[in-house]
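Okay, so here's the structure we're looking at.
Should a chain be cited, it is by its letter among A, B, C and D, assigned in written order, with residues numbered from 1 in that chain.
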């Protein structure tokens, strides 16, 4: 009986349209944020930060971006990796042009370059739909990753054809490069992700979000209501690519510290798509759950044998994890096609009537 | 600038004129890889036509079937027995897919089924490596009596080099297409398949079990995959890197339309020839390696003019 | 009826429309006056829906013109039409199934919303104020249509009758001057039909909205409408008050299916 | 419904599992040597034999001598699949367990780890791959890439070609085709190649192979047929190698004019082309064949005891021996470190000193039971590479045959480029940590 909104009366539409209308949710999110911002930095090991939390956050942001496009606007894209790459390389060039500008500003700015490119490759969406569009976005994917290698200007003509992240400091504290501590990088990633997630939440609960969903659910009717399909779709592409771009920039500057064309290949795109669909199309929460599952699972699986004192060849573990991840994807889709987010809803529903079955 | 324009608009055609044998050779290579793309695309089409599923796993099915074949043979099984057994394996796979994936997910939105085939892809990659190891295998061309060596036909003062295996690939591909055409248009199953393609309800009302149809198409796709795997394996070797190439079937699908068998073939030809010509004559301008995306751009441009593909049904929007 | 029918607000002149070889409409002309309820009837495939699609710009006729509020137009895009104040419902419901009833209605007001992207991003100031204003307006319509209880339900899960009602609500949310209803009562039971009739009359009465509706149920048409136009094989074969139309020779033929 | 509960449960369990991760410590009285390997993915064909070689040699030392200096070597493989993210993850998972040295076995991963390792003070051994510039000990105290850099390799290739053509003078007007993996690895030698082309007046045509096209090279080889280069030089890896050899054979390119770097000389690279591959050349830095006492010990103590994944017939293949060589270098460095520090259980810092004073003479190779297995080599405080000789081998249709003497690289050409690149790297990655580590006296 702990979780229920009974007795919480909304006295204004404002209260009713708040992000978290239910008190328990508000408490919940506060606790989570406190844990994330205070608890984790104090306790987590550098491995947990570097190999689990930072990646999951970065990938969640990319997934959020794709979700805005695929989940909310109904446009299937396989170019995510490419757009992330644009963000990363843009950020790298920016750091070389403006070495003294605050790196966080640059990371956010690099999103705009991705947005521009994304919009261009979004143009076909005006003529084509569904899988045809998906394949069209593959053109973006392959063309971009070709550019990342074939245009040396993008990586400052490094012989290695890869971008090395320079050390940038903020108030004297190094935030990028090898000397930056995992905690610092984690906190920055967390802040950016939290901020952009809030923005996404605002967008999808307002007019823009509704027009996106309208286009997704029935584009013709939307048009007859007065929604301009072209602008709506292109806006979706732009915003989505912006998120992917920022994610890409963070991936290189705050996570890996180095990248080459291959870091943004087609598999990256597929990985993000997994996360979105497993997490739940059209759900921001889902993007996070999906990212956590898809990224976390193989790590758990790789650690599991040792944890249970078995010694398994790392290769075998890797192959096994492929099998299991594949099986789980199918399993999840069968159990709940609407993704983890829906499971969460169901869980809440149960909690609401607990301890009674109905 | 003028140099660039020359490189784009004049030089390639000069080359074609001065070395026609190379042009012919390029066309031939294009046709061959086109055939292989087409074979993969064919697998997609079969399944999409009958179950509306965009089967991403087609690519890995190619690798998996070829691996099974070679793996069985390596464990001392005579080639043809191995071949038969591999076909059996593909049949089992078809049943498994129908039972485990399609049936529970029937009537789900396309994208969910699409994702499910992604899951299948991961599963097969892992399984394949677990059983046969990650190291690439050499296709057992000789045991299968596949021709090796090549014809060298003098033309235009130069010569045209045709690998016998490629010729075989072309022949086998056309045979398969013919067989499938017959299957689709002449047999009861074929009518059923088309009925399903038109509408599941209709099919049911005609008293056809969807399950059977699905098993059949997935099995057919599996066999096509095996053929593709053997052919491509014989050209390079059987390794998981092949799976990436399978993506090339997607632009083929766009050109040919997702539901048209002749479309897949002709689309394959266009893509194959297009990208080879592009790489060969225009690639050097851009620093080469454009083959990796050229096909997709061809398809993309094409889409803008004909959104439903070469043979795809016309899309009429109505309210 | 205590309302004054004004001058013509919508004039359709000599519309001809065909897809490939198939002729859907042939030189059809009709008008609708302010505040009136105008019905279009005719057998299936007579071209009724096509006519509506022409009026709100979804189809572009080969010949003829449509003028609304005196502004003549030959070829326009649907969203322009919507901006001029024409809203509609659809024969087979075209709601946004994934969204709640409330969101569907809010979407209906898209054109009335002006706040820019940045405000949306922060969801503060203008954007927030706007949201709340429009929410208030939408709530009025929700009360009016008596669908308070299903506010938060995704419309995909609603029964047919309610969906039709929500769709009407979405159209009303745009505060249109002209409302096109494509078979608003198709597949409803008596009670639902009666409710729908009431709503249509009230809309027309309270908001003074001009209504053009397609309907098969003769009794409904005859009670509701001021004037009735009859289409058959893409031609207009009769036009006038329900009384006149009811006794019109061609109409009777058309409905009894006498060979021409 | 039950299913859904189950799933919720599973998700929960997963999240718990994660938290218990990095908790697998390594016993303190051992020598911990993580090996980054890839037995999966499109590069597995190159990765597997190397991984086997590296693994087996350490197992052999443990079984035969009870470890190194009486201390057991703990080997832990981490599967990278040749993916950079995985590599970084592997690094993060081992760095807290006092790893003596990291062998990334991927140029991409090496590049990603160079800055990190320099800060975490963990040595990286990128044996004949990675960033050529990292040979400059003054700038990269923690990175070691013996016995030769890609630039050395390219200079050796050109030296060999020149030898066949009758001296560098006669390279004038010749056409050399360069087919390479379109990534950092394949792009690195290009500056040197271009420089030589300018100096000796031969022309270079470049044929990049994008990763997605590794097994789809027919178009590329058509261009080769058109351009008719006198020699083809290959910097290939993974599935790209066998495909290239096969396509070359198909196009009828003279195989004895087609020469690959030491990473394009695996038995699996040549074998698939069958008879067509006969005559294919490649550089090598280690001997092939199982006819060495040490390798005999491996067979006796490890493989016959079933403690290995290696199929017996692959022992002694080129890349297997490459892996063995990698482990020998690590083992020798550990011995050096133990001698310098007088400690039995050493730290990564000690290991760095060991690597920096490492030298293996022909005499020592013999003592190791590997006479003539590789050129005698030494790295110094300044030079972490040594720029040692390589030889050319030829595929006779069944196995590799050594067909040249050990050819030393053209240091005088390579070094300037090397220092230039090192400066470039350091200047682009300011502030780059200044070297503080003192140089050990080699005579110890």
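Note that a contact is a pair of C-beta atoms (placed from the backbone, for glycine too) under 8 Å apart; a residue touches a chain by one contact, two chains touch by 3 or more.
Nothing here was measured: the structure is a model prediction, and the numbers come from that model.
Participant: Which chain is in the middle, if each chain's centre is the mean of its C-alpha atoms?
Facilitator: Checking distances from each chain centre to the full centroid gives A.
Participant: Computing the C-alpha centre of each chain, which chain sits at the greatest distance from subunit C?
Facilitator: D
Participant: Counting in whole Å, what is the centre-to-centre distance of subunit A and subunit C, each centre being its mean C-alpha position?
Facilitator: So the centroids are 42 Å from each other.
Participant: If you average the CA atoms of subunit B and of subunit D, how many Å lie between those two points?
Facilitator: Distance between chain centres, rounded to whole Å: 36 Å.
Participant: Let me have the rounded angstrom distance from the C-alpha centre of subunit A over to the C-alpha centre of subunit B, please.
Facilitator: Computed value for the inter-centroid distance: 32 Å.
Participant: Between subunit B and subunit C, what's the gap in Å when you average each chain's C-alpha atoms?
Facilitator: A distance of 49 Å separates the two centres.
Participant: In subunit B, what residues contact two or more other chains?
Facilitator: 129, 134, 244, 247, 287, 289, 292, 319
Participant: Among the residues of subunit A, pick out those that touch two or more other chains and give their numbers.
Facilitator: 142, 146, 149-150, 220-221, 224, 266, 315, 319, 322
Participant: Could you list which residues of subunit C touch at least two other chains?
Facilitator: Those would be 58, 90, 94.
Participant: Over in the complex, which subunit D residues touch subunit A? Could you list them?
Facilitator: Residues 3-4, 7-8, 11, 14-15, 17-24, 37-40, 51, 76-79, 81, 84-85, 88-89, 92-93, 96, 107-108, 111-112, 115-116, 118-120, 131-133, 182-184, 187-188, 190-191, 208, 210-212, 309, 421, 424-425, 428-431 of subunit D touch subunit A in their complex.
Participant: Please give the residue numbers of subunit B that touch subunit A in the complex, ascending.
Facilitator: Touching subunit A from subunit B are residues 54, 100-101, 104-105, 108-112, 114-116, 118-127, 129-130, 134, 244, 247, 250-251, 253-254, 258, 286-287, 289-290, 292-293, 296-297, 299-300, 303-304, 307, 309, 317, 319.
Participant: Could you please specify the touching residues of subunit A with respect to subunit B in the complex?
Facilitator: Going through subunit A, the ones touching subunit B are 76, 124, 127-128, 130-132, 135-136, 138-139, 142-143, 145-146, 149-150, 220-221, 224, 266, 270, 273-274, 277-278, 281, 315-316, 319-330, 333-334, 337.
Participant: Which bits of subunit A are touching subunit C when the two form their complex?
Facilitator: 12-14, 16-17, 199, 202-203, 205-208, 210-211, 213-214, 216-218, 220-228, 235, 282
Participant: Which stretch or stretches of subunit A touch subunit D in the complex?
Facilitator: Contacts found on subunit A: 45-48, 50-52, 55, 142, 146, 149-150, 156, 158-162, 164-167, 177-179, 256-263, 265-266, 289, 292-293, 296-297, 299-300, 302-304, 306-307, 313-315, 317-319, 322, 331-332, 335-336, 340, 343, 346-347.
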